[in-house]
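This is the structure I want to talk about, given as structure tokens.
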């Protein structure tokens, strides 16, 4: 579990104030743990180890148990995610309609190697996910919560190019 | 949004129903834009905006709210939930004629308004056309995809506005609740559900009435109703569609379940991957609470029922009821042994009924129309209808609802329109990754719980993935095993270690390294994991292996003995090369190659680097001169 | 057919309140194998070894199946045997398999069952094992390559010990058992009780083996090696060799230790008697003044560490007495060289303990004199058995030998220290026999005996009714502490032992270390107690002599120096911080606010929040580098805030203004423009 032992200095920002608010809104009980983790992840884009330790203190659950829950569900990431998340559906229908070339194209476009999921510039994370329930539109891709159906490698690359362009505009 | 007045007695509900129905089902023009996930992603929002602008531009009388002061003949323009035929979206329906337009673009809005709305003239260009004959169908009911369906669960999906509780009420929504609270006892409600023969639509097929009765009889001050909307089966999306299209039917079903078993609290456990469904159900809960059809003192009675939403966090195993309960409690979603069953000790150890979305959506209809009515659909042991999601290599993909016992052949050929591209049917994978495969020999098999079980398959949640003759069955088994293996919770030995080992063997065979004895090891593993695993996921995980071994053992043998893939799909047995005589050096294949394996200058014959080649076939598809050879 | 029977493999077995079919099958004489079933833990149902075929129900795991009259089942069928063998083959294929050199070799259930069930072939390729051993604590070794994920340790730690140090991590094939974030055990709140070791069926969790260190000390002719043997050892050491009588086993152990090369063999029960006198005296003093009650016992090192981590506000209530092991060590190191006529440097004290946490205790810095630990080496019962085996000594054939004096002298009170309720009973004997003639006849206090998790009793001491509680198992201790904190209890003295049953069930005891074994050992200790010449600690003649010669009187200044200790707050895990506000100002002020449990419960989050809020409004937040941190080990003074390295206590949200004005703002050189307008929040 190498992902568990990586120590990284956490960027200091005001997200921490939201953590306590989230805990208060959800209630500091064990049954609120998953919703709390979901909302904290929205805030930090991943679940920093120290924040998990804090949540365990506030909820009075052992840190190992919080860690156990956070590593069980696919939605949670203990690694920072990119600003834009591209989810390629790998449900049966999408698989049957051949999403393999699609995945290869986007990996090539994002220059992801081996098991990498997030681009070096932390702009994109590529996830191959289980069925998103848009089977009739296979192959389907979700980019930042927006579903795109009957996707091709070319269209997806074009979409990424558009996001890139927007990002550059924002930078200027 | 219009403020809603609390409905504090059945008569108020009757009055609202009459008012709403008078408008909704009048002869006035009604434009319904499908707002399901599929149509939405194809741009139905923009279509709606364009239609609205076109209507306003022409000053047509428009009904802004269902019960506003507009003239009775004012036209209305609303969204609906999923229409099921996502592939041809965005879909626009125009009532009362029920014209059905497909692949509508914002640019079509003006023509729709002028011709159809103002001139009552259907636009042939936008109609659905038969794939084979090209014949256009003007009305929804004419389209074979819909014509052969019987819609009970889905009839209001794709028609009513899921964001307006009054539209549900107009179509007799919450009538069953009012009748049950005022005229029935929990026992008579359970009795009716039992008599209807309704069985769990989530896959298990356990009789719903019996489940309710057990939970009703267990003594306990606190009980729960849980709606299982953790639809994880790849290739199934009926629960998503029902939640998006008719959330109140699910809520009413839950309240009725609560009344029947004596619960005052319920949870909807829904996948976080379904953001629209989550929004719709959340909005529906708010509205129902606002009018006192949910919450404290429902319909002015002493009966209270509260519903909360829990979003899943990405674990297929949470579709298993004990894992789902653990997840609601904030723990790792690992199943626990039964007994105790949730009915005895479920959520926080309390008696709990866990029902699937589709099951619950059936409840109001059953109680409204009676058990006899419901039993008139389907067959002896499997009453009612079932929603299937048909996808894959089939002409019409989408959500369909047919009576239980409809044959596989009717579903594939009548509703589904047959196989794409004129190819032959090879197999239908039914019931998701833990289901089984059916073949051409099963075309006359009635799709119901017991018939499917008898051939080693299952209804499951109702995914039907159709695959054509080009499909490799070993690869199919490998694909499903990849899924179940990655979704195994890791608790019990057989599922955790067994699915991994089955996957390894399948990968070995697909990669061309299989040995004959691997097949018997695979079979022994599959049978043992089936017999000995802790939960339903583990017990059914080997099904794809067992059923492909049963029906397609020859293909396995071909892979391990002859070292060939009969379907020509397994890359290990393939080699892509370029016929130098045919290649004109156009660079098209090189550009499409995702791994830059093709070298060669312009106008020179190209070469494929076999080391780099991942055998994806992109070059083969790209070449216009048939210069790429596969062998 | 009789209506109250179940048919197991054709034999009728009567139902008699068995909780599940598994227990019933075992009652019927069939050793149905399991990995994940323990009667004292919750049902897990994961190993699938106990599946049977039940008529009308098919294949069922019997651990979770309630027995019903009339049930008919077969335990070994084609299918059940196939399932068990396949489960074993699968587990073995994912197991590092260094059996011959594994410390569990011969005692490993995976190995035994594979042998019994005839698994002769593994058809699946082994993955590469890249796991590293966790040897971070002085007591335990974790080898993830041997873990079969039965979850026994997870449930033991959570359910019985209330800690939850270990839990599953990941999903599916990637599941591992880990401390939080995969940290080494030494960096988390593990109290090293070793109950996980007792329950682990394989070699994934074992006692740290220090036998080689012991051999080295024994080989060294320049050393005089003395052993102290803890009370609970005598009840268990003979199990491996078929010697169950505690008194006999102790005599044989003395003989064995001498053969191994120990120069003297003493009894920790002697120090236990000393503890009773010190602790009893301390209690009577506290009772008289009514201060620092309830008094908690301090013999159990896992409990002491737990209290330091989790109940910092109650550390004053712990008895200041060192544990018998450490009293022995201090006394031995100070006076034995003279008694034995050896140089101080030559004396080596080795203790033989039932307990893994004793290794941790002996290594605590306060228990060292001038850099040398009072106890040089702690060996668990398991380890001493291993040494006896290594030396080829036929333990059962040894003639029992007497222990060496003076520290081999004990009373019954010192012996029962090894069982739950024993310390309490020893103190009760001392307190009542010395004071109230009514109690003269009754030396046995049955209310505090037995395996119940919580026992309560009342006695009269000096005309005052004394309420006492005895807990074993840290989850029981936690529940009791919650009641004490909320004021729902009025105990005067509380005995806490971390392990169920007390030291007899310690993590270093031989396997099986289940509740049946513990009950047997408990009885063995009380049998020893009954035959002792003296049964009240105060009557131990050598204890009396120790006071005369060296210690003056109970709780004297000398006694305090040698036999007492103090406690300190202890953070549960290695330090971590959360970034709250980053400053790049060269003259920034570094602020750290503790959000560890103690401070958090005292409102430290609000302290942090208010400070940031005010800094924002006053416009200098970009010059503050603020981090939230876990524990400055200043829990009694919470909420704690550190500013540029200096620690401030009791910074409640209301105290933020003062801290800001008096400490932070001067450092920043900030002067409020109009002081009256500074926000009060």
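Per-chain residue numbering starts at 1, and chain names A, B and C are given in the order in which the chains are listed.
Heads up, the rule we're going with is that a contact is a pair of C-beta atoms (placed from the backbone, for glycine too) under 8 Å apart; a residue touches a chain by one contact, two chains touch by 3 or more.
What you are looking at is a predicted structure, and each value in this text was computed from that prediction instead of being measured.
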Chain centroid nearest the full-protein CA centroid: A
Result of counting contacting C-beta pairs for A-B and B-C, higher pair: A-B
Centre-of-Cα separation between chain C and chain A, whole angstrom: 40
Gap in Å, rounded to a whole number, between the CA centres of chain C and chain B: 52
Chain A and chain B, separation of their C-alpha mean positions in angstrom: 24
In chain B, residues with contacts to at least two other chains: 315, 332, 334, 487, 489
Multi-partner residues of chain C (at least 2 other chains): 168, 170-171, 174
Per-residue overlap in chain A, given as positions that touch at least 2 other chains: 65, 68, 72-74
List of chain C residues in touch with chain A within their complex: 158, 163-171, 174, 176, 178-183, 188-189, 573, 576-582, 595-597, 600, 605, 609, 612, 625-628, 630
Interface residues, chain A side, partner chain B - complex: 29-35, 37-38, 65, 68-69, 72-76, 90-93, 95-97, 100-101, 104-105, 107-108, 129-138, 140, 145-149, 153
Chain C-facing residues of chain A, complex: 1, 4-5, 9-14, 16-17, 20, 48-54, 56-58, 60-68, 71-74
Complex interface listing, chain B residues touching chain A: 37-38, 40-42, 85-87, 231-237, 240, 271-275, 310-316, 327-334, 389, 391-393, 397-399, 429, 432-433, 463, 465, 467, 471, 479-480, 483, 487, 489, 594-595, 614, 616-618
Interfacial residue positions of chain B with respect to chain C in the complex: 315, 332, 334, 336-339, 485-494, 496-501, 504, 521, 524-525, 527-528, 531-534
